[in-house]
């Protein structure tokens, strides 16, 4: 009953197997090997156009360098108030784009409100050296709170970006979970809706460590090579990333693991809805469930081996969480089993 | 016949196997899992004292963050003119310690000359805001050119560091190769000789990606946690590093692979010495061989499948390389076979 | 009728005169001259204890380097949402402390609300590498909106700082205006109430360019010398700053100019209160007046030569500014005359 | 007898007078006033084409931001080994272009040797992420050792820059001294010979504090506004700089002061040449004299009130300075008098 985070899981057996299988033999270093090239091409097939692909070590690196590509002195990037780049990256986005700033935008359930975004960007619209200037907008798909931007939501955000001449970044640490939730293609969820650059995460969805920056503007992409190296993010034996992605994409493993994780969240949501001591904070749309639970019941479940953590109550739930209750987050992954969830349901039923 | 670099090899079978074996199950993220803790302790046993261990993504990160721990405004670190931090890291050390500088020190065969180092540090000895001030000394063990600092060499460098109140960093991307070359213990090669912080590399010696900063001053080490996270170097599923190190240390695999790599270099050196068209640039002491070879012969060998690259002629060989010759570098690894070397020898014999 | 900003004024005649008088002769550069030393000592007399004084080029530099002294990786400084460091410095504080962030705190009339501050700092209270960690609190005295923190207000902020082990910075771009408004001594307004470091501004109060960092912790102050030089903020002919401060302090010129500026704001406030087309946004406490004025009347006044700008309506005035009205800012200085204000009053009576 | 540095002098009476005269009245801040505009235009007349002009606080800032305009990740700028940017700026150029590096180039008497420069740049010529890539070349005019690049020297350096697609920066902290030494126009010494951006210094030549970046590529220049503000280098009362430049250019005061300073160096050189205890290190070409003097004689002169400092013996003088001798630097300025020099001559004869 490990619901703490999808990064508590290890690697999917087919990822592990493929990695082992590629351990022998020699290959050019720094991402110039044959397997590397094959994987870059595979990304192109998946996105239905030529793309530039850059492996990096962490999701934080993917986000930070994506924004760095578009960085300018005095630059400000906009993201949801609860976005990972704003809340959980220790200033790495600002550090890797020196002097840049992040501006929080409000919005219900982890999605930036389009009007709030427009207003936020609008505050800085002119080239004003005192206030600084907008350089990028970032949205998280799926969001930090387990919801998903619909295609039209993305288009609406993109329209703001275009109006202000700004690039649009997608933090896709849980890209696959959103993709299967919407049941659309990667192209539809990204460049066809105005996304310019993607942090494409495989780690949370069954890889050990597989994060890539995917970029559609090939000219601009060249700078990433230098940004990455000077940030100490260039793997020498890059094929250990390629091997993971190779298995990840083979036979649509990535969609399978994401569907499984989402299904487990749906199952968990049903369990919670049927509990007398718990209710959903909001409807889960990917692989995270947020539930308001009687504290005593939650403590008991934790004492019985269920691992999950509490979460700050967002403005949208203000006044809806009683004193004896708290909000908790549950994350499911490729490794979550129906059995675990059912056992947790039994704990909740007491 | 892949002698291009030790990072062209993949992973040792026992590393790959251990990684696969650890893929199942759940574990706390960000290096707080049980396997992680066990591996940190293992480092302590290996170094014969309590140490602080921080996994990072690359050797460049290990070097850069090691120097960042000791960084100060106006800070200058000293290393050999051909050191990786100076020649091959795209300014990452300077970028991750903003405003810092690296000062090249001369010395024969990749080792800093102690007098040159003393003179170099001495130029900046006072607290002078115009020139800046020394903050660290870094030595590479084994060096970029396949030689090794003897224990007394390290002590001599350390004496300079102590005299100026400077910490001493060891770039140990090829730590094991030096260790088995000297046939000493990790403690003897590091803190017992005045080393304060080590970039401990496993990648080149049989891992996929296993780099750690090892630090002996536990108080000071706390800062690395923040430096690492803001540099986007904190792995979420850190156990994929721990699993590699676990196998690396088990049954002294790391010493075995390093001994093999060094032995292969010795064999290659013998092959070269016996060739009519080649001779050694200098005696190899670890797993790299530098040879002066007739260009035509080298080209032929390359055309026949041997992979190796030319190298800039250092000052110490000035005038000794004829017009029809060039200097080439060969790197051996755990994956190099005696057969490869013998086949290469035959190519050289023509 | 120049009310755009106190930096539209030039220099007070006694400042200009003193500067001219010091133009001849030779003096050690970089702040080591006799006049420089005398002025540093004068600062000590004014603050009633030994202080470290560092001249810098701009108020932005004074603020940024003050925070940089206390910077740590992952560091977050707290200031009022409308503070200059957050709104008007183009990311300089973040740039000069690489990777640092500023966290906006709400509060009425430009003063941080103590509970909001406590809550904001409390969000980051533990040593959490993901969220980052608090490193400093900054308050602006007088505030961006012409109000002043009372001594007890400063103590209350300082109590939060002490509770969390944080240093407390005062952005004193308008230090003198606050000082004469409170009618207290510099010591009482700073270190006796828990302030650790001050951006001491002379420019807005009658100097050409005279900004200093004043620090009470002399040990820690040593770092500023390097921070300043690497930020390209070390003047060679520093005596041109010293000469300005020398005249500024002589015969309490600085208090005289600040009193005059404040009195002019009071006179302006009276003029506005007596106008049928204008009213005060809030009571001015230093040298800035914020008034809600009928737009047509404001336009006419501007067309007749009055220079002043509109200002974003803060939350505290929400709903109180009619469609035909706007909020405007007026800044008075040593150079403002009663006659100007009376002429402006006539325009408003129009 | 103050020969320590040209920044030990104060301000020329006409500069001081003009500054005083401009102290009254109101003017737009941040360099948007009428006097500011007039001065920008004056720069255009002086350079015989439209130029972008940005005032900054120090020569270090002018150099650092000039290089920052052309900065790229992994960027390397080339300058003479003894250049101010390399030796005397505490890493400010690297700090204000995060992650950038400076590469020292050898050359006799302060001038980069063209072949050494070509070789240095050539080492990095390809787009190699490991080594980094060249981004700019910087030359100092007049040089740190009182010599001057002839127009053809500049053309030769510029040819290297063009060949490698690099911009060419001139550190003109002593621009005027070089200009009158060559007896050419500012246009001839800069853009007509391939200079792209100039650190135009007035401080050492009679101003209090007057440093400007002058740029010929007006499109590219826009970025400086943001670079400057985020580096805390934007003066609010910028007219105090404009007033200095206004007087500096009026009636060719700047050429007059530079000619005087150079003439004083020539006079000092003659004094030294005629001394039995001193001789020139090399022929002075601007306002600095380097002399080899008997230490005892030098000490006596210093004890009698002459202020000058010793200087590291460059490679070009190796073996030419006896044990009882040392190399000393003397700098003359607008404020140096013939009488001072003659008195110093008597001391040397003494």
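Read from first to last, the chains carry the letters A, B, C and D; within each, the first residue is number 1.
Keep this in mind: a contact is a pair of C-beta atoms (placed from the backbone, for glycine too) under 8 Å apart; a residue touches a chain by one contact, two chains touch by 3 or more.
This one's a predicted model, so the numbers in the text were calculated from it and none came from an experiment.
Trainee: To the nearest 5 degrees, please report the angle of the rotation taking chain A's Cα atoms onto chain D.
Mentor: The best-fit rotation has an angle of 180 degrees.
Trainee: When A-C is set beside B-C, which has more C-beta pairs in contact?
Mentor: A-C
Trainee: Could you tell me which chain lies farthest from chain C when each chain's centre is the average position of its Cα atoms?
Mentor: Centre of mass proxy via C-alpha means gives B as farthest from chain C.
Trainee: For chain B and chain C, what's the span in angstrom between their mean Cα positions?
Mentor: 51
Trainee: Give, as an integer number of Å, the spacing between the C-alpha centres of chain C and chain A.
Mentor: Here chain A and chain C have centroids separated by 41 Å.
Trainee: Identify all positions of chain B at which a residue touches two or more other chains, and write them in rising order.
Mentor: 73-74, 89-92, 95, 98-99, 129-130, 132, 226, 229-230, 234
Trainee: Which residues of chain A touch chain D once you look at their complex with the stated criterion?
Mentor: By the definition above, chain A touches chain D via 72-74, 98-99, 127, 129-130, 132-133, 222-223, 225-230, 234.
Trainee: Can you list the chain D residues touching chain B in their complex?
Mentor: So the residues of chain D touching chain B come out as 73-76, 87-92, 94-95, 98-102, 129-132.
Trainee: What residues on chain C touch chain D, complex-wise?
Mentor: Contacts found on chain C: 2, 4-5, 7-13, 15-17, 19-20, 22-30, 56-61, 64-65, 89-92, 95-96, 98, 203-204, 208-209, 226, 229-237, 239-240, 307, 335.
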